[in-house]
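Lettered A, B, C and D in written order, each chain numbered from 1.
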Amino acid sequence: MDGVHDLAGKQGFGRVPHTANGPIGDTFKYDWEHLGYSLLFLGVTNGYFTLDEVRHAVERIEPRHYLTTPYYERYVIGAATLMVEKGVLTHDELEAMTGGPFPLALPATSAGRPARENRETFEVGDKVRVTDDHFAGHVRYPAFCRGKVGTVQHRTTQTWPFPDSAGHGRADGGSEPTYHVEFDAAELFGDDTDAGSVVVDLFEGYLERVA
Amino acid sequence: MDGVHDLAGKQGFGRVPHTANGPIGDTFKYDWEHLGYSLLFLGVTNGYFTLDEVRHAVERIEPRHYLTTPYYERYVIGAATLMVEKGVLTHDELEAMTGGPFPLALPATSAGRPARENRETFEVGDKVRVTDDHFAGHVRYPAFCRGKVGTVQHRTTQTWPFPDSAGHGRADGGSEPTYHVEFDAAELFGDDTDAGSVVVDLFEGYLERVA
Amino acid sequence: MTLAASQNRTGLPEQAPVEDRAWALKNALDAKGLIPAGFNEDWKKTFEEDYTPRRGAELVARAWTDPVFRDLLLSDGTAAVAQYGYLGAQGEYIRALEDTPTVKNVIVCSLCSCTAWPILGLPPSWYKGFEYRARVVREPRKVLAEMNTELPADVEIRVYDTTAETRYMVLPMRPAGTEGWTAEELARIVTKDCLIGVALPSADVVVEHPNT
Amino acid sequence: MTLAASQNRTGLPEQAPVEDRAWALKNALDAKGLIPAGFNEDWKKTFEEDYTPRRGAELVARAWTDPVFRDLLLSDGTAAVAQYGYLGAQGEYIRALEDTPTVKNVIVCSLCSCTAWPILGLPPSWYKGFEYRARVVREPRKVLAEMNTELPADVEIRVYDTTAETRYMVLPMRPAGTEGWTAEELARIVTKDCLIGVALPSADVVVEHPNT
């Protein structure tokens, strides 16, 4: 989905609030923060949902809600959304236990999709294009590389479930290697960039060969 | 600039809060709301800035601030930002008169640009491509049509200042007609759309001929 | 436990209430003698009283009943609107978009909120809202259906994104059941939403409020 | 006049305080007997105590002092990290990125916050922040300069966007002034920011806190 979470290349943000090697404090600032992670791992361990589904649930938080919600809180909302969607808890139970409103992410607007047919295997040095793909479900490529041409730098020796399927709890996505594809920054952002290149880690199903 | 204001095609938003022909109430809901418009016209009438600069100032409101600020308030912030940037008022004067903080839009990160050289004139029926353009300043095309091919439906009989110049208070932008360019929705969004076509009103400087 | 729509939010600046800020901006300019007498009040009156969709409705009704005017409205919207003296700020170059049995036109301004103010009135909140701006370009059929405007599958939707200085109005199809109506009667069923393109005129839907 | 970072905001839902919501989620699951004893506490301990950038620093120092290990780290990061037993959740497939006199590597996760947790520690707030995620892919030189890391103009910046399951670590260049140092001494100048790529190791900057 083309959601507001896909922030790369967006302009208008101010300075990064950090100085190199400046203090960052403890891992968790508040006592509840670890729950954002430990409860999503509970869901994965108990087999309620996949980590890809968690990513998708967080992306489905209403755009303004997403952008004004601190990081760990987004994962609490994502985990809660999936616990309710999977029937582990009801929203009423959750709000009763909270003693107040507990708004969840918005419902998915896509059922996901299976693995792409007719994928190709690429080698280091191959030129590849990211498919000119538009899909309302979960994907794991940033929009800035859609339709762009880059060069394969690395093919992983392991494979992982295809996110567009796994992110919707589907089992028909199979498993794919990913490719570290290097794009000239100019291919992505013309002359409005000071990067040399950007390397994106892309599932095989997102790529096609450039002759 | 690729700002969060460029919302078209973004997914994850909920229902439009309106039913066809449902009540919308009065033009202004609060007594101050007309100031969002009437004060920006004051700035234009008094020659402090152009309407394009107002648009750019509103786009420069920090992304989270922009997305959580009601409509007329964004124009109050935009007008105030320009009044300060142009030296009509100081930020201190404004906050003293307010009796509290009055955050403005973030500073521009671009000085704008002159009119594009080597523009062409197009006729109705011509195929045109929106330039694969990346620019940190004010532009007036939505990113969804960047690099896309469409057909000219209409060329305006009037011309207007080039926004990429006028939006930065520059006088070297000249004046151009605009073209109503029709894009097949599939050209823009693949099969993830239920539109037939989308027509965008594009300055000549954003277009190039497709052979 | 406190409850608020807005607590625990990050990235948002502290600011005084908007009414304090808005009036302070006006008063600071006033204190320097920069605002001509009545300037803001005149604009307010123009927005509230002059710029209304009743004007657009009048143009549509005329086009429905006068083929010569209809041709002019479609070929040179600006000239047609000028005949009525209805050109003005944010409505200086007009193009009317003709609905047909197979094409439905819908208007949006995805980048901000541009609208043909003088003939449609100022845009309503929902039109300026992020849901409409984000979604209608990509899934207009679904958006219109959610607003109770269901279009037949064989009607193609053409979305006009108002990204420059042209200002659009939709010329909808005259609905059944209005045979023999006068232009004045017809104008009463052309709503602001019909002029934007998200509603279809109906003999049964009559405008009650000047802003609709 | 009231002042708040958050007043007069639109589009945000009402919600109970986050600590109430977070604990309610845990307690509701607990009430159904769905949480094994110590499950959350064990993760918390892992995050706070086991996953630290001191591990990544140890790998870098070893690579600086052991050419064979360096080759392994660069050719098969996963195998190199496995030798230390440092693979783990969100760090199961590792690639080390070699800085050179003309290439500086920088890591980001623009879509969420993916990071090689077991060897870099959990990502800091700024890394997960929207400013970094939005900007570093497009203007890394400016972003690094704003963070006080100025790079020579002839050094090209290569940004790695962590969009799948590979987890990266930067192998920076060993700085001048560290000749003859032991691996233990070297590890003390490799900070979390060096491993992310936004800082350069320096003989003068020694780590004080286990999370940096």
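By our rule, contacts are C-beta pairs under 8 Å (C-beta built on N, C-alpha and C of every residue); 3 or more make two chains touch, one makes a residue touch a chain.
The model shown is predicted, which means the values in this text are computed figures rather than measured ones.
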| item | value |
| --- | --- |
| Chains contacting each of chain A and chain C, listed by label | B, D |
| Required minimum of steps from chain B to chain C, each step between chains that touch | 1 |
| Of A-D and B-D, whichever chain pair has more C-beta contact pairs | A-D |
| Farthest-lying chain, centroid of Cα atoms versus that of chain C | D |
| CA centroid of chain A to CA centroid of chain B, Å | 29 |
| Centre distance in Å when chain A and chain D are each reduced to the mean of their C-alpha atoms | 17 |
| Centroid distance [mean C-alpha coordinates] between chain D and chain C, Å | 49 |
| Inter-centroid spacing, chain D versus chain B (mean Cα positions, whole Å) | 37 |
| Junction residues of chain D, two or more chains touched | 1, 3, 8-18, 20, 130 |
| Chain A residues counted as touching two or more neighbouring chains | 5, 9-11, 13-14, 62-64, 67-68, 70, 73, 99-101, 189, 192-193 |
| Overall pattern in which the protein chains touch one another (line/ring/star/complete/other) | complete |
| Chain B-facing residues of chain C, complex | 9-29, 31-32, 34-35, 39-40, 43-44, 47-48, 78, 89, 92-93, 95, 103, 108, 110-113, 121-122, 124-126, 128-144, 146-149, 156-166, 191-193, 198-199, 205, 209, 211-212 |
| Interface residues, chain D side, partner chain B - complex | 1, 3, 8-12, 130 |
| Footprint of chain D on chain C - complex, ascending | 1-9, 11-18, 20, 130 |
| Interface residues, chain B side, partner chain C - complex | 5-11, 13-21, 23-28, 30-39, 41-42, 45-46, 55, 58, 62, 64-65, 67-68, 70-71, 73, 76-77, 79-80, 83, 88-89, 93-94, 97-103, 140-142, 144, 154, 156-158, 160, 163, 178, 180, 182, 185, 188-189, 192-203 |
| Of chain B, residues touching chain D in the complex | 63-64, 67-70, 73, 99-101 |
